[in-house]
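Below, subunit A partners subunit B and then partners subunit C, in two separate complexes.
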Partner chain A sequence: MAIKRNSLLFLAICVLALAPTGLPPYVMTLLTEALILGLCAMSLDLMVGYTRLLSFGHAAAYGLGAYAAGNLLLHTSIPLVFSVLLAALFSGIVAIGVAWVCTLASGVSFSMLTLAFAQLLYAVAFKWTSVTGASDGLAGIPRSPGPFGITFFQGRAGFYYLVLACLVAAFIFCRSLVQSPFGAVLRGIRENEAKTLSLGYNTRRYKIAVVAISFMLGGLAGALYAPFAGFTNTELLFWLFSGQVLIMVIVGGAGTLIGPVIGAAFFMLVSNMLSSWTDSWALFFGAIFILFVLFAPQGIWGLATRWRSLSSTG
Partner chain B sequence: MAFLELDGLTRRFGGIVAVDNVTMSVAAGEVRAVIGPNGAGKSTLFNLITGVTKPTSGTVRFDDHALTGMSAYSVCQRGVSRTFQITALFPEMTARENVRLSAQARHARRWQPWGGGTVFADAEKHADVALERLGLTHVAYRPAGLLSHGDQRLLEVAMALAQQPRLLLLDEPTQGLSVEETEQAVDTLSSLLADGVMTVLLVEHDMEVVFRLAHMITVLHRGAVIADGTPDEVRSNEDVQRAYLGGLA
Partner chain C sequence: MDFLGFLVTQCLNALSQAALLFFLGVGLTLIFGIMRIVNFAHGAFFMLGAYVGYSAVHVTGSFWASLIAAPLLVGAFGAAFELGILRQLYRRDHSAFLMVTFGLTLIMGEAIRLLWGVAALEVPAPKSLSGIVFILDEPFPIYRLFLIGAGIVVAIAIWQFLERTRLGLLIRATSQNAEMVHALGTDVRLVRSAVFGIGCGLAGIGGVFAAPLVTASLGMAPNAVIDTFVIVIIGGMGSFAGSLIGALLVAFVQVFGTYYFPDLALALMYLLMLAVLVIRPGGLLGKEA
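Let's look at the complex of A and B:
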């Protein structure tokens, strides 16, 4: 079963790797963005799906990464790849402080604190013109070449491969994390935090660690977005985006890692299709979200795996 | 030298004194029952010992170290494991995973964020022993949430046991069990405690259970100790009869 699942994943990665050879540029751009959003949703899944830490502020991770990468690429000559990784690290380090504050509370209060923190960053981004460009944002973010003069990642296909590599690496990292002893403790916190604490685990430290890791990977997604789009703006930090990422996680299937990536692609696909028909596409997507919560709370990936196990047994 | 020593332990909640100046010493290897009517402060006493609640005043010493003011997880890391009055499990994990997570807490690399083959293998070894000692091997792979109430109570004991505690606190292990289930649970517990290696503090309502398991009994009434002694001494104590036993003994 595990081997079958791994070979399916390998197949999916191969298909994604071949995508640039057959798809038109417009679709490639959409696909790249979907993978970036998928990475962001997957990072949030560590908190929401595995630890039941409902964050309404994941835009903070994305925005931190995007603005950090934007500034590094605009004002230094650090190559694209390193800028992106440094920006992710920056987001993760900031998250330690954020999590230290937010984990003083739990449940709804935790969610509200994450939301408040993201909105705080949003307000700062509006005012701190020299760093964030205020309402204009940062524009003209380059995909700096190097190291050793490598220019491969500057092109559309090359950049796509960079995003794909980040996503696959992050997935392998997350999967090993959730299957590790650390991951077992996260599951304990998800199901009964008070009991986990009484078993001798410093649950708050585990929660801070998982928020930091989640923010680091969410920051990686944001850091990829900045040179992908060539600009950043305050919308990346807005609560609306936090909500959208949360919807991607839930619609795709929380607690599965793969599900949120599919959820992100689904979100991109449906919002693109709906927005070409109607301006009030968000209304229809809202309806889809409600249907999922009511009738398929395990999400798209949950439905798919259940269908597969049903068809294999009967 | 007492193994566990409570000195003047007091906890107020607003105007209510839940635990009132409790002084008590428990010797190593002793099974001590704490009894008393509802609201006598038994569970609060457990919470004070395990660091869940901070005392208003007084101290807790365990194996010659002060536990007072320590957080719940560090008290547990010192070798104090407990069960809860209201069953506290991880319902979606299997029984074995529940015990494994508990045993993992005693492993030096319990936080390791990758792999974990050896951490899990060590924890599973302790888990399987604990499950077997409580007669739960046959339900090891069932989700804990789907076990019978009796098995869930025993599973909590197995989780505590898998940590190889030096002090075990059992909060009403037979709470909500039928007469037959209680009898079975008490048989299992008494064979567990027979070797006298573990020091046990037991809160229990069922007097028969208490008299079968405990070497020593402390009686709480409105937060304060009104009697302390061997089962026979407590049984014949008039204050206790009035406050609690109501002529049952």
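Let's look at the complex of A and C:
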């Protein structure tokens, strides 16, 4: 079964890798954005799906990465690849402080604190003009070449491969993380934190670690978005974006890593389809989200795997 | 400028702001106390109150009529949502509520945009309250004085309602031990619907009161919901007195912060909250961390 699933994933990656050869530029742009959002949603899944830390402030991770990468690319000549990685690291380091504060509370209060922290960053981004460009944001973010004069990642297809490589690497990293003893402790926290604590695990330290890792990968997604779009604005830090990422995780299937990526693609697809014939796509999306929480809390991927296991057992 | 006059008017300003925030905070904390759920859509109910109030003023021509109609309609909508959807979720963990009410926020925001349009809507204060008075030679709007009075009246009314009436008794009992109340022959599900409706109705009153100050606009919901969360976290989830203290603290920090540190005003509110949480993780009057 595991081998079969691995080969399916390998097939999916191969299809994605071949995409630039057949798809028109417009679709490629959408697909690149979907993969970036997928990476962001997958990073949130570490918190939401595996540790039941319901963060309403994942926009903070995305925005931190995007603004850090934007500043590095605009004001230094550090190559694109390194800028993106540095920005992700920056987001992860900031998250240690954030997590230290937010994990003082648990449950609902944790969610509120993450929301408040993201809004704090949003407020700061509006005022700190020299770094964030305030409401104008940062514009004209280049895809700096190098190292060794490599210009491959500057083109549409090359950048797509960079995003795909980041997503696949992050997925492999996350999957080995959740299968490791560290991941077992996270699941212990999810199921019963008091019991895990009494087994001798310092659960708060584990929670801080998972928030930092999640922010680092979310920051990576944001750092990819900045050179992808060529600009950043405060929308990236707004609470609405946090909510959208959470929707992607839940609709795709929390606690599955692959589900949130599918959720992000689904979100892109549906919002593009809906916005072509109605302005009010948020209306439908809110309704779809409520229906998923009510009737299919396991998400698209959960439904798919259940259906597959039912059909294989007859 | 006379410093004393400035200080007094700023304090009155903060008190009127606290009254508005209290309408929001007390509703959220009541709902949390009974159901252990956080209503993310609380800001959306506040916004709905402002828009319904605007329409009620236009239909009836009276601000006072809208003050009665809007909370009733908003409260009824809230209770209906609880009956129709939230009721199915009590067996699930709290994240399900947060997510469903987030979805409701999206839907309400978009529905309000479709029904009332994107433009901000002016709601005039009633004529008898629209002037200014001079307090120690500083001009001060009468409407804000009225808000302070309204806040005090509503706070006392809720307190007496919780202490003296049968429904208030049931609400307090349910927040302590819902199963026991159920076993003693009261339909707890009805209490929950009622509380959810009352909480949403209170947010609706807040919206009607706020509309003459800030106009009814689509940005109301997110701002309101975050202020409300901050208040309730500072005061302690589920505590009536806590929501009052939280509203006062946040209002004073907002008003004086905006004056003395205009660049940091927003950050100050969060810093206050963080300081409270580091000292008392459950909030000032909260029971649980």
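Simple rule for what comes next: the second predicted complex is superposed on the first by the 314 of 314 C-alpha atoms of A that agree within 3 Å, B and C clash if a C-alpha of one lies under 4 Å from a C-alpha of the other, contacts with A are read in each partner's own complex, and residues count from 1 in each chain.
Following the convention adopted for this analysis, a residue touches a chain if its C-beta (ideal position, glycine included) is under 8 Å from a C-beta of that chain, and two chains touch if they have at least 3 such contacts.
It should be emphasised that the depicted structure is a prediction, and the values quoted were computed from it without experimental measurement.
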So in the superposed three-chain picture, is A:Tyr206 touching just subunit B, just subunit C, both, or none of them (first/second/both/neither)? first
Once the shared chain is lined up, is A:Leu23 touching subunit B (first), subunit C (second), both, or neither of them? neither
Who does A:Ser180 touch here: subunit B (first), subunit C (second), both, or neither? first
Under the stated touch criterion, which partner chain does A:Gly286 make contact with: subunit B (first), subunit C (second), both, or neither? second
Thinking of the overlay built on chain A, is A:Gly188 touched by subunit B (first), by subunit C (second), by both, or by neither? first
Counting only touches as set out at the top, which of subunit B and subunit C does A:Leu274 meet: first, second, both, neither? neither
Tell me the contact category for A:Leu197 with respect to subunit B and subunit C: first, second, both or neither. first
Winner on subunit A touched-residue count between subunit B and subunit C: chain C
Determine, under the contact definition given at the top, whether A:Val124 touches first (subunit B), second (subunit C), both, or neither. second
Touching subunit A in the complex, subunit C uses residues 32, 38, 85, 88-89, 92-96, 98-100, 102-107, 109-111, 113-114, 222, 226, 229-230, 233, 237, 263, 266-267, 270, 273-274, 277-278, 281, 289
Subunit A residues touching subunit B in their complex are 176-177, 179-185, 187-188, 191-192, 194-203, 206, 209
Give the list of subunit B residues in touch with subunit A in this complex. 50, 52, 71-74, 76-77, 81-82, 84, 88-93, 97, 100-102, 104-107, 109-116, 119-120, 159, 163
Any idea which subunit A residues touch subunit C in the complex? 48, 52, 54, 56, 101, 104-109, 111-113, 115-117, 119-120, 123-124, 127, 239-240, 243, 246-247, 250, 280, 282-283, 285-287, 289-290, 293-294, 297
